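A short worksheet on the structure shown next.
We call the chains A, B, C and D, going by the order they appear; numbering starts again at 1 in every chain.
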Amino acid sequence: MSETTVSLGPNKYGKAENRVVRITRDTGRHEIADLNVTSQLRGAALVDSYLTGDNALVVATDTQKNTIYAFAKKHGVPSPEQFLLTLADHFVAGFEWIEGGLWQAEQYEWARILVEGKPHDHSFVRTGQGTRLATVQVIDGSTHVTGGVKDLVVLKSTGSEFHGFPRDEYTTLVETTDRVMSTSVTGRWRYLPEAVEAGIDYNGLYEEVTAVLLSAFATVHSLALQQTLFEMGKAAILARPEIAEVRFAMPNKHHFVYDLSPFGLENPNEVFHADDRPYGLIEGTVVRDGAAPAPEAWTDVPTFV
Amino acid sequence: MSETTVSLGPNKYGKAENRVVRITRDTGRHEIADLNVTSQLRGAALVDSYLTGDNALVVATDTQKNTIYAFAKKHGVPSPEQFLLTLADHFVAGFEWIEGGLWQAEQYEWARILVEGKPHDHSFVRTGQGTRLATVQVIDGSTHVTGGVKDLVVLKSTGSEFHGFPRDEYTTLVETTDRVMSTSVTGRWRYLPEAVEAGIDYNGLYEEVTAVLLSAFATVHSLALQQTLFEMGKAAILARPEIAEVRFAMPNKHHFVYDLSPFGLENPNEVFHADDRPYGLIEGTVVRDGAAPAPEAWTDVPTFV
Amino acid sequence: MSETTVSLGPNKYGKAENRVVRITRDTGRHEIADLNVTSQLRGAALVDSYLTGDNALVVATDTQKNTIYAFAKKHGVPSPEQFLLTLADHFVAGFEWIEGGLWQAEQYEWARILVEGKPHDHSFVRTGQGTRLATVQVIDGSTHVTGGVKDLVVLKSTGSEFHGFPRDEYTTLVETTDRVMSTSVTGRWRYLPEAVEAGIDYNGLYEEVTAVLLSAFATVHSLALQQTLFEMGKAAILARPEIAEVRFAMPNKHHFVYDLSPFGLENPNEVFHADDRPYGLIEGTVVRDGAAPAPEAWTDVPTFV
Amino acid sequence: MSETTVSLGPNKYGKAENRVVRITRDTGRHEIADLNVTSQLRGAALVDSYLTGDNALVVATDTQKNTIYAFAKKHGVPSPEQFLLTLADHFVAGFEWIEGGLWQAEQYEWARILVEGKPHDHSFVRTGQGTRLATVQVIDGSTHVTGGVKDLVVLKSTGSEFHGFPRDEYTTLVETTDRVMSTSVTGRWRYLPEAVEAGIDYNGLYEEVTAVLLSAFATVHSLALQQTLFEMGKAAILARPEIAEVRFAMPNKHHFVYDLSPFGLENPNEVFHADDRPYGLIEGTVVRDGAAPAPEAWTDVPTFV
């Protein structure tokens, strides 16, 4: 009987969750960029670090960390996408054996504190309405960029129905024409490569897309969370020509009408229990027709959960 | 040698973290109140449930839960403070052996989604800028009410110094006249009993106090987080005559200047590592002179951590 | 009308969550102590740091951190209680204006990895069965020490009843003579001062007390979680003469019998939904008769939640 | 200019995090299985739920939930893998338009409480040494099964080196021949389809593989976490012929030697600060030579992070 042997399959390595805060203080009116940055590298030549612990080609994760902080100084953080692109280019262009990698960022938003109605120059309060996301993927000789948002929690207190679903022996759900619908939106949009090439106003786009997602959630009369998801993605793509596709993961955060009938009280969708688990989990991708597919862009990117 | 015997000391029991969402839909323009409510009861007569498992006087935690949801329907949620007061009165007045208890609420804030610039009637997005807090304590025949806020994360990129501290053999910290200062404010204010009696606009007060806390954080030139804490509490008390005292717990969320000198780069307070642990933890109470002390008001209330 | 003035009330400050790992490597068989240590100081003379930002008496939180790590080297970590006592003594004896403070520790347990059935000399796996707790409180000229455990999750699949409770208009709960009972035990025991003085085998006591708590949970036929709590505390006090009192917070982690009747299936306590929120929250103290009360020992110690 | 149109891309939907607890009580000696189960379905015909909100083919997420709990009664939970296989077969065989899906489980381990040294019949304590994982993927007409473990935290206090890595302008890391190495292992192993077909002792395999992973971590003298990862995967594959490949994500949980030199103390790898963020993040796959590749098996499975 032949001996069992093994080989190295897909892999990458790097430094995760570097909490970089960059203050721009060229004038008395400071600006703040607050990021959580992960850098990971790939390359066939790195196999020896796995097979024998030979680190001759291992750009240390500590070096990746230093580079992130140094680049925050040298290049600033015009946008998370642009910051990651600069990092990616550094590692792929600078080390011949580094063939690609995945760079990810979360960005936390801050607003200026109001003092007597005026925004303060150097004092900020963190807003918690969603966290901004970005990734840069270099793979198979191509570069892919995504933007996104997570933890954008929305609720509509009417304008949502759910009925017409099939019934089998395990179906007990009652059909409804009026329910609370609530979700925590995680959405990631992939930019068209030609748009990345031409340059994108990433910050302006983020503001517009998140506004469009919220507006679509609000105005779509929903027959299913799936339908709402699709209309939200469609609205984003219609709004911005730079977007090739949008991937969503949306938990259906159930709000159950509390049964008050034992207490002689009616409850016409007024009092709800917001439940934790289990939750519906609806995932879907909305794709611009004609955009070249790029499934490899999503390699190892957390999308559906 | 005598036998060892034991007795029951301080105790209370109830139902924690009831996630009540109350929609007011009297008109097409819905209102939302989103709370996390805990109800716990005390009474000397409850001792038998501990000693022998005799539940004859145990108002079931499930009954407390039902009451919370039923009261959300019957009384609405004008403010978390008012909602808890109604609950407390029900249990203490309704069961002769219930001598008191502690009722706590968190409230999550929602903003109307903007559609073409206009606030939507029934679609909301959760804002994450702090969580509102309230407690009602009935103890020793008195009722105490607090409001508060937690997870209000603030940062100032200059206007903070720290020097003049004593140096012993374990001191290595360098003095600074310019640093980033950041904290996550947890503050709870106790209302004067006479103000509670007279009636308080709890919602308006919450808006004003959180604005005042932010403004004080922004404008105080800080020599120590302790000093900033004190000035924030003082500002709140000066702003609102209903407040007897304010308790704060403020982590000093360290932002370390990243050492870029090995890379030939200067770092004049521009690039920081936002560290997780350990963190400074500054706690303090600011008290209105002349207000009657009420340490029992804080029994079992999470304040300092 | 007189001007509003304010004063400083209760306060303390320090460095929280220092993640100290101490390896003892005197021989090839290493030992590991893995702690999360918080140090906070109190003293009337510290008032100026709050009032004016005068730091002349502020033993910097950074200095407290350095001291913790230095003491891990100098004194080792024989037990969390002993480690905190050494720290407390250093600060209170070493700085005349430091009147007291609160020192807290969590300790994470590690087991030796088994290699061919034998415990390895220097490789460990973290066990997750509860987290050990300790505090030292110096206040009003006295020193108080507690040990404890949190996140000790237990479940019994029978041997638990709940009935005989009063019914009011909001009561819907059905009485039961057989239910699943599950809780996550947080318990803290205060040591008798004379036992601290005489010296305690803190590690042996921790092992014994946690075993006794588990055993009591298992063997008490429960009529209420309150009763189980009391019997657990009683068992701990009977087991160890060093313990003055035990404080518990026990969530009643509800396991609901899933209604399978729509599917033509019986469910005689076999299939449960483990719910998250809300949960019962039972808190209580078991006190050794004759032990001198010391309510100040619990100042700012997280006990009931 | 032509109108923008969009289409539906990759998607799935279902009910996530069903917290099922199954007690087997055929005898007085009860058994417990405690799972967190997610069920999600895919099928081209489901497109209309996204496009128009037509739910005619949408097996409701509530129905999926009911099925999970009903199957826990009807089929028991012999192992998480087997439980998910039964669920998957039900949905794919039972609804002609359901082409596939992803079923995931976490399983929490409980130990019997010891009473006077003997394991109790119906009282349990949750052990926290890793969480067991399983998935079943039905895709493109094939069924793929994985087992796994997460949050298995290990540490070795010596026997780890890191040197020989390249140095560029951003490299400051000092080479070391003796360091603490610690990680939290997340590993998922894919079973060979023919082994699944033949039947596997999933529980026995889980016990053996986790023991082998721990043993390999302990005994490999490490030159890089990459090398340790590879040796751990190799050991698992050598131990069990049912395993086709193993995917790992391993954070390098940095333990920094605390600088005690300012205090006149040496620190020969005795006192460490266990840091939170950033952390190294090493990911890799170890593949049995000759096993047929099945990248689609990992679709949407959280592996690398």
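The rule is simple: a residue touches a chain if its C-beta (ideal position, glycine included) is under 8 Å from a C-beta of that chain, and two chains touch if they have at least 3 such contacts.
As the structure is a prediction and not an experimental result, all values here were calculated from the model.
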Furthest chain, CA centroid comparison against chain D: B
Contact-richer chain pair [A-C vs B-C]: B-C
Distance between chain centroids, defined by C-alpha means - chain A, chain C (Å): 38
Rounded Å distance, chain A centre to chain B centre (Cα mean): 31
Geometric centre distance via CA averages, chain C-chain B, whole Å: 22
Chain A: positions in contact with at least two other chains: 18-19, 66, 70, 170, 172, 262-263, 276-277
Chain B partner contacts - residues on chain A that touch it in the complex: 18-25, 30, 32, 34, 66, 69-70, 72-74, 110-111, 113-116, 120, 122-129, 152-159, 180, 211, 214-215, 217-219, 255, 258, 260, 262-263, 265, 267-276
Footprint of chain C on chain B - complex, ascending: 4-19, 38, 40, 46, 49-63, 65-67, 70, 94-95, 162-168, 170-173, 222-224, 226-227, 229-230, 233-234, 237-238, 241, 245, 247, 251-252, 277-289, 300, 302-305
Residue numbers on chain D that touch chain B, as the complex places them: 169-170, 172, 262-263, 276-277
